[in-house]
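So that you can tell them apart, the chains are marked A, B, C and D in the order they are listed, and the count of residues begins at 1 in each.
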């Protein structure tokens, strides 16, 4: 698509830059009849704010998400839900020095090559701030999933040593694991829209993510089939698996066990150490990036990953509703 | 989408099952004016055939890809290119014993849950055979990329010990690395259609792939920003990078250096060792999968990964052509 | 999209030209569990064949549609259904004289401008023959709709005088009306995917169609609100309308009454009368189009219009299944 | 798609209801480098405001469109452009009486059937007010087209007698014609994304439109091929047509002459005459619709039709840029 819309049925379009007036999202295709208010969004927005732990920046982002449409008398109407988040604490002058240089590890150079122009303030459209809009949309998806008996939960399972990195004006990364419980078997389409393919795209689209794996992931490559296969067995008259090396997805379709995904978050590119780079005019130079930057973004990225997984699962579950003739007949006859 | 179509501009739709009459693909949106014949497809199809190395199956698949439309007097017309591949060597009776059971590690159970019905012969739609259609389409994409100065090349960088696994009626997996050279900076869209997100989806959609990483991937999570950032410098009056930890993509947009991707291929699920499973009627049972199965599929998957990367890059490069007003004006005025 | 795929849930991709080896379609997203065989397609294909009435061409097109995939043991599996139709009776030499000229009323010039190349034989990709693939797909959609209690039926309500036109080496057009009965209220989305907008696109995409109207259509523009509004009333405890000026669609959403659509088919462009035109090299010239051409294509277009309406309705009905939370909860809990 | 997004390359998503806080649109895929400010939008917004002529309502809608993102230092950056329009003059209490009834000629009943819930204030999401967001987006598209040498202009060519209808508490409709000049040949894709099919969908999606025709439209159905065909001839060394019965589109592809489209606008459904209808509880009743309603909406709809045509043409022109290998090679080599 044109890059700023995700999903086929529960479609999320985000807009806004880190240093624009505000940013937001439009959710199109949200089913009608869901009780919804900005109070549902607040806990998710709070988890994304700067100031998580001691090594994320002190920017004061109120992050109040306001619902502008699509909700009437406290319930979704089925029409697009626009959510707006004001940018409160923008120190544009912090970035003036960066107008003419390309920061290593950032998309500055790519943007210039692509568009011939870029908003040099903060990360512009590629800033982590953009994820605030995704989280607002993900909060809505999560509420729907909850009503369908599904929970999605992410957490950092590895983080570099932020304290010693901060002391050096450097940064670290980490690994986030996300588990979705209660997803029924049959979700996802074979071939190109495999559920794991959709999840990989969703999570890889989060800035700073450089790898995604499902179940045993890369470790599976080093095992044998007899070790990696999850044997089926009956338990309480239901088909279950004895193990879950597959991470809940087989052949691109959910198999009824927990969906387990992990992603790698690279260290924050903005560091205060001196780095070599070039100017827009093509001259070698060095920079020290000032301003306020997270030594580690993993704590803030956790809810973003969780939200992308929620949006993807919901989208696929809506898709699945017309897979069988019996479903169509049950709905329409 | 509905699962069997990939791409937005160079759109590939595949059809067919491993034990149907034939299988094929339709490429919609292929630019007109490309010299094309089945001879262009043959080398790619050959790389995918069984019998690669000593531990892939001996099924005799001629894999001749025939172009049915979209080419006139040896050149593409811009209209859909349909490619058909006949299934020659199908031993359906090998699979009769599997009609009523779910094979561990396969999508059988997921298909049943989703559709209430499944083609039990071979892997049906989730069979590796389906990838023959993708490779045919990828061969076309690769030819176009070549004309644009871009090469895509994949290879196995790790493979489990197939010999000892074969002796045990077991299977092994591996890791495939794919490198794309010559991709200009600026390809990919920020936010959701990041180039690495598209590539992750493309490669994760290949059966048996359980993980994807770009550049340093998961290893990046354990480094510092000062180690992971690729510093820019001028060389021959062009912006280049001193290192390539990013794997050629920053903020979802190509940065002009080699695009490096790796994916993990799990061990082949079909093994002849006895496995515990359940029948469609919900009874515990055990199975030994007979028939001809690859001890390791990595050698055959290499060209599939390469083709998915080629299709994705071409699709994104076509998308990029209308990113700037100067491009529209140059084209139309 | 890239032009050769229609639909979002029940997706139809067609391929093939009038003078290629064959042509066909791929239906992706067809629900599993539908009994299907080529016998279901035959009646529709027969209605499309040349030789309808006395003034359509005598080309011998067997039009046997063969199902290549997506059906197992007589029932759809939910995987893509590929249908192939062989081109039997192609008199390519009839067209040799037309290689270097642009036929008035045809897309020849447009194709050349767009692609820089064209298949001059017959209408190539813009030939009416391409519609054979649409009809095959429409036959599948119609069968599903039938099972949901919906019938779609089209007929010519006006046709020009073909006899006197044939005598003059000229051609005529006509108007086709299509009625869909049994469509429940609530189908279609407000704003851009209004049901009437989708139907208009579907029908206007049929070659030679130059206008589409719903309900009273253009006549409504000349009435008053009090005449055009359909008043509601209760009948047998159900909401019904006293009249149906709206043609079954209000605000883009079906209202439960018959959906009535009409389209205008222009006279066949290929006539044997002498016409002024230009050559590809930019020289004025005249042509007389030989070969076999329909004096009137309306009789053959009827089933094509019917099939496009069927495909569109089914696609929208599948979309509608996840409009409400109660539907998701009913499906998943 | 999910109904509130239009387009493939220049993608417009709208949100908001007539009686919500505000409404707006997000334009994704707008090329970078276009000078843009709300001053570009103002003339278009003004043409849409109530109070055009004497028979449109006196609602005071300031209709100031504010650009929230995607523009930096006065130029588009290529990132999504969010435009917000505040709803100023909402008399919600005017609609309280309509909470429990279905207004004839409106989508009320359809919404209830689809979503089980509806915003009864004004037309909610199906209100004409929603078109304000489309016009804002269309203004951007029109500015780009202008820079490519293309002008789009619409006007009412027929309008019912509004004076006598207003006196009766009734309403009238009309016919709008839109002409696009300067569109080069080759725009549009054969088969499903024919340019006329896209235009038909775009215009039919405007509320109250019940018919669309291109060129001679329905009148063509009553002519002969010799009368309807546009003969080609050379003029000033360029291929031109002697007539333009085709309305600028042949076989779904633009032919280089003026694109001419007409649409029928039904009379405004909201009239103050008494009408028979039913309540949500299924009881027969009558209503007189109070509040402020347009006797004729055609004058306001003109700019909406123009904008939808502009958006569609731009989207198709962006699509066309990668139709030929020579275009790809020219761009990348």
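Odds and ends about this structure:
Assume contacts are C-beta pairs under 8 Å (C-beta built on N, C-alpha and C of every residue); 3 or more make two chains touch, one makes a residue touch a chain.
The structure presented is a predicted model; accordingly, all values stated were derived computationally and were not measured.
Distance from chain C peaks, on a Cα-centroid basis, for A. Interface chain B/chain C: over half of the residue numbers present appear on both copies, so the contact uses mostly the same residues. With centres set at the average Cα position, the gap from chain C to chain D is 24 Å. The distance from the centre of chain A to the centre of chain D, each centre being the mean of the chain's C-alpha atoms, comes to 34 Å.
For chain C, the set of residues that touch two or more other chains comprises 1-5, 8-9, 14, 29, 32-33, 78-79, 111, 114-116, 125, 184, 190, 323-324, 326.
Put simply, chain D touches chain C in their complex at residues 1-6, 8, 14, 102, 104-107, 109-111, 113-116, 123, 125-126, 130, 158, 160, 165, 168, 170-175, 184-194, 196-198, 200-202, 204-205, 207, 210-234, 237, 239, 242, 246-247, 250-256, 264-271, 273, 275-278, 282-284, 320, 323-324, 326. In the complex of the two chains, the chain C residues touching chain B come out as 1-5, 8-11, 13-17, 20-24, 26, 28-29, 32-33, 68-70, 72, 75, 77-82, 111, 114-119, 124-125. Put simply, chain C touches chain A in their complex at residues 8-9, 29, 31-34, 76, 78-79, 144, 147-149, 184, 190, 317-318, 321-329, 331-333.
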